[in-house]
Amino acid sequence: MNILNLLIIIPVLTVIGIVFTKDFKGARVAAAVGMTLQLITAVILVISFFAQRKAGITGEFLFLSDFTWFKTLNIHYSVGVDGIAVWMLLLASIVVFAGIFASWQVEYLAREFFISLILLATGVFGFFISLDLFTMFLFYELAVIPMYLLIGIWGSGPKEYSAMKLTLMLMGGSALLVVGLLGLYFYSSAAGPVTFNLLELSKISFPLAMQRFFFPFLFVGFGILGALFPLHTWSPDGHSSAPTAVSMLHAGVLMKLGGYGCMRVAMFLLPEAAQEMSWIFLILATISIVYGAFGAIWQKDLKYINAYSSVSHCGLVLFALLMMNRTSMNGAVIQMISHGLMTALFFALIGMIYGRTHTRNIDQMGGLMNVIPFLSVAYVIAGLASLGLPGLSGFVAEMTIFIGSFQHPDTFHRVATIIATTSIVVTAVYILRVVGKLLLGQIREKEYLEFPDAKWYERISVVVLILPIAIIGFYPSYLSSTLLDALNPIIERLTAML
Amino acid sequence: MNYSLTILILLIPFATFLFNGLVGMKFKPIVSGLIGTIGLGVITLLAYLTAWQYFFVDGMVGGSFPKVIAMSMEWLRLTDALRIQIGILLDPISVMMLVVITTVSFMVHIYSLGYMKGEKGFERFFSFLSLFSFSMLGLVIATNIFQMYIFWELVGVSSFLLIGFYYSKDSAVAASKKAFIVTRFADLGFLIGILLLSYFTQTFDFKVLTGTDQSIFAQTAGVSFLGMSVMTWAALLIFMGGAGKSAMFPLHIWLPDAMEGPTPVSALIHAATMVVAGVFLVARMFPVFYFQAPDALTVISYVGGFTSLFAAAIACTQYDIKRVLAFSTLSQIGYMMLALGVSGYGGHEGVGYMASMFHLFNHAMFKALLFLGAGSIIHAVHSNVMQDMGGLRKYLPITHITFLIACLTIAGVPFLSAFFSKDEILVAAYEHNKLLFAVEFLVAGLTAFYMFRLYFNIFWGKETHYHHTPHESPKTMTIPLMILALGSVFAGYIPFSKLVTSDSMPFESHMDFGIAIPSVLIGLTGILIAWILYKKESKIPERISKSLGGFYQAVYHKFYIDEVYMFITKKIIFNCIARPVAWFDRHIVDGTMNGIGWITVTSSRNIKGMQSGNLPQYGMVFVLSAIILVLIFSFLI
Amino acid sequence: MLQGIPITHVLIVSSFMFFTGVCGFIIRRNMITILMSIELILNAVNINLVVFNKYLFPDQLQGHFFALFVVGIAAAEASVAIALIINIYRRLNSISVDKVNEMKY
Amino acid sequence: MALNVLMFYLLSAVIVICSVLTITTTRILRAAFYLLCVLVATAGYYFMVNYQFMAGVQLVLYAGGIVVLIIFSILLTSHISHKFAKPEAMRLVMGILVGLSGFALSTIAILKFTFTPSNAPAMKVDMQAIGTQLLGTGKNGYALPFEVISILLLAAMIGAIIIAKKGK
């Protein structure tokens, strides 16, 4: 039995299990058990993957398995992982695990909530393990649709509007993607039967005119998910309305699908066009970085601040990918992982704080450090990770990106890098502004004194997210070196024409 | 002989940080305090042993002190050439800094046991102190510029945490925020400098960068930007980082506000150790500056000179004793920067470099002593404004004596430590640039004046009526004062020119009495003026300040630099950038998206009128369309 | 009828009837009148079926049977339609189609 | 002019006039009456083509059944004296336009097409032939549609009863 199939089967079984539970308590226990198993499976996957690597198995993708499910169109259920995907899977399982515990107190339609949440997770896992682009796309859609329900039903604020906006914009991205994927599919006939298989597609060198035409579709299609300026506006509204676990999963993992897809599909399969057109998207990504950071300064809603910060950080991912050298792309992947963890942590904490204060407006809060020290300290840690403090993961990612990008021989790219570095100051400004207003200073309301500090499930959720942030921050070289190996094929293909 | 134990210098404070931070609250507060203090005691011992071994046991190799890599491990591989190492580099300045940091930090730890007693968050305080010690030690023993940057950031954050220690106080929160953001802004320059440097040289390593092989800079030849060579840019940007940490003009604004932190923190971080990180950085990179970017050195010397004059002037007008000391710190760091700026390389040419390090060493001792003394005073009278004090010499005898020693030292009274180092600095300045020499000469007088203004106002002057009779601080506080006082007196007799020099080769330095005597005289003049004005209560100071009018006001308000910054950040950055960006995002970008949605909705709303539910209408449309289709198909095609 | 009567004449009459029915369907608002218009339309179709059968395929009976079935269906349709009309009348006290637009959009 | 030709034009005239009157009269009961005339005239057509059974069905089911049903429903839902409001001008114009243009179009089509009457010997249409074919299962057998129609009628009957049933 291929361990990758387990990653799909466990969530599906969990969903079935939840259907048979009686009330919200049963549902959350079932979800927690399922996702714990999922986390364990993911850890085992990572360990066995690198054990195989160490044993000298050098295939680009391991744990391959293949099964045709639509013969006429040559669509397969084809799975396999490389050194990037295993880490993304681990990230996803950590975030989902933490997300379940962060939404421990959902009581309204809890079963349906957990079912949707886990379906969403299934889509994410399926996306990362798929090698067949059609199946990958299918899983991607599977992730988007529960999102609509989750925000629309369990959200807060203008939830219908936000859910609609988010879903429509992501669907718009999907529409572009379909065009791009079909382009790949039909042009693959140059080398045998038409196929969606990533590995086979990667052996084909597509004609340049075709690449030029389809690259923007694919890149923008995934870029919308990765919050590429100016198509990022779903992010603030969507995140602020979404329930905690959904924000976590969405910002933490789903936005990474965008960056991952840009790299794995758009740039990997259409390398010449990527080289040729990178400058346009590089400008947009640079704007995202600075613009997102400045946008965050002025916001008052905690989730808005974090959403804009995500725009900035995810812009950094795309920025680094477009620099197209090993170091910067390595940094991009580390940034995906790091941002996934810390933004999930942020949203988890915001959800927990919101659950106590019932407001997210930072002007109305203050002095929370005195009453809920655990959550506040965790918030400070998340903030420090976000502004790139050494010893936490954000620093590793940012520095790898900046140094990698600055190695680019072209002056334009280096100037863009310098512009991007300014974000570290702006980030510091908005993070400290939030920390100062929210946690420090005097307590605003008397009732705040009554707040209980973190419950056990909240602690689990927070600790599970902080640990990897600190581990990456302290000991990045293992992650970094495995990623460097895994990036080789992509880099080779990208630079083959130069 | 190896230095494998030096690794403990990093590990112990980190361990105590984790212990106090994670489980410290489970024990009695004093446990955390003792653990932190003992840990620091151990590494102080280690630092002294290392220094002893480095300077006196292993000694020189081939006529100069070698750069010893005691330990090095790869932390992160960025490219094949650029790898971030975490390691321990021992050379004269890093060993000297080890001694300075551990000494002051140890004293501050002991002092804090008494000063912070009973404060909420005692264990947090000690855990932050450990974090700071860890970061600062990591900074000085960095083997490469990137490791330095890593610890540089950590130092910044521990400073932020410690300034904001009283987090319920809004002013403390604001000050910590300001400190962090200003230094962060400076660090941006540092980072870009590192990027430039590493791009052209393909190395982070200090040993390579400051080594004799200049071929690594071959790439930079002829590359220039806006009329300055790329190395000048890199050097200036790196100096910008240093200027931020060392609070050089115009990035000095955070330091006076940073006095919101607990006084031991001010002593440790904002007087003795962290703020000299910038000086240390320039010293560390000195060969790069000297050979590749001499223009940058000139800039450094002028910035240092200006800051020292500027800060000394402000110090004369302030009433908050900690702020006076803060401005005095600025002024003294300006001295050190200037000394580096005017220094040459090698032998007697490098006297400025040597003097700067020498002054750094002495300054750490006497400024820590001043701050701790101030802490002791504040502890006694629960205020840090000069007007609330007076005649304290009777109540606080030990504090009085040690404070007086520190004041005398900083004023440059002969045979106390600062006399020697200041003299060297003046010599270096005199040889290099007469204008800067004149400035420094003036500043020497101002320094003596404002220090004794402080001294007389606190310990002499009119007897203020106190609510509680002030009493001398406990032993945990006075013992560090006494030890530091000894340091202030005798540190000057360390033969620095034999140990810490620009090219690690010893040279003979000697007193230049032509400069020493006038500088002592101007110092004494300053003291004398302060004596006349402040020994007894008098109206003269008030009249003088009145007669100076607008100028006095400008100085008192620190030349309105803070206001300018507030204007820039609040008005320009917040209102003119962030706000429009937020608006733009919500209304233009998002508006476009919503507009697309609106168009869809509106058009569908208009179309839905056709779906009227009116059967005859449907029938009509159906038949009409059928007729039209028949027409088209049978007659047109 | 066969002698002397061209098929076109019959067809013209039936198509006139058909379009009269369509016209009535469009201009009338009373549901019963609309139902009557539909009967006209069906009847016109029936005439066509029968006439085509008789003129063009006299050896078969397909048109005849189709006409027969159409009558059957018309009867069924009429009965259901009238039931609906009566029900609507009960609820809305009107049988004007303009009033019956609850289900639009 | 042969009598049957005269008869045909007479019936045609009745159909044309009465169908127009059906949709133009303002009194609904009169409309039903005119409809009845149209249907009876149609039955006359069927007699003329020697399809007596068809004609009988037309008279019984259409003229007898449906029109009576319609008259019942008229009596149930309207007053005898009720007059229709004049249709809106726009609708009137559009209706007439559609009707006329459709009629013109189909007339043109009818006139342009050359029908070739079959010379095959006419089939004898007696009750036996109809019955055999209606219930036959082989070629020319209509048993299946017959059964389907019967089910449809049954369903319509039940449906009509349920729909028209008062309340619950």
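Letters A, B, C and D name the chains as they come in the text, with residue numbers starting at 1 for each one.
Assume a residue touches a chain if its C-beta (ideal position, glycine included) is under 8 Å from a C-beta of that chain, and two chains touch if they have at least 3 such contacts.
Since this is a predicted model, take the numbers as computed values, not measurements.
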| item | value |
| --- | --- |
| Contacts common to subunit A and subunit C (chain labels) | B |
| Touching subunit A and also subunit D, the following chains | B |
| Selected pair, greater C-beta contact count between A-B and C-D | C-D |
| Centrality ranking, top chain (CA atoms only) | A |
| Euclidean distance of C-alpha centroids - subunit C vs subunit D, Å | 6 |
| Whole-Å gap between the CA centroids of subunit A and subunit B | 37 |
| Between subunit D and subunit B, distance of the C-alpha-averaged centres to the nearest whole Å | 102 |
| Intercentroid distance (Cα basis), subunit C paired with subunit B, Å | 96 |
| Shared interface positions of subunit D, touching two or more other chains | 91, 94-95, 98, 102 |
| Shared-contact residues (touching 2 or more other chains) in subunit C | 22, 25-29 |
| In the complex, subunit A residues that touch subunit B | 165, 168-169, 229-234, 236-237, 291, 294-295, 297-299, 308, 326-327, 367, 369-370, 384, 387-391, 395-396, 399-400, 402-404, 406-407, 414, 417-418, 421-422, 424-425, 428-429, 432-433, 436, 439-442, 476-477, 480-481, 484 |
| Subunit C residues within the subunit D interface of the complex | 1-5, 7-13, 15-30, 32-33, 35-37, 39-40, 43, 46-47, 50-51, 54-62, 64-65, 67-69, 71-80, 82-87, 89-90, 95 |
| Residues of subunit D that touch subunit C when the two form their complex | 1-2, 4-5, 7-8, 12, 15-16, 19-20, 22-23, 28, 31-32, 35, 38-39, 42, 45-46, 48-51, 54, 57-58, 61-62, 65-66, 69-70, 72-74, 76-78, 84-85, 87, 91-92, 94-96, 98-100, 102-103, 106-107, 110-111, 115-118, 120-123, 125, 129-130, 133-134, 140, 142, 145, 149, 152-153, 155-157, 159-161, 163-164, 166 |
| For the subunit B and subunit C complex, residues of the former touching the latter | 608, 611-617, 619-620, 623 |
| Interface residues, subunit C side, partner subunit B - complex | 22, 25-29, 34, 97-98, 100-105 |
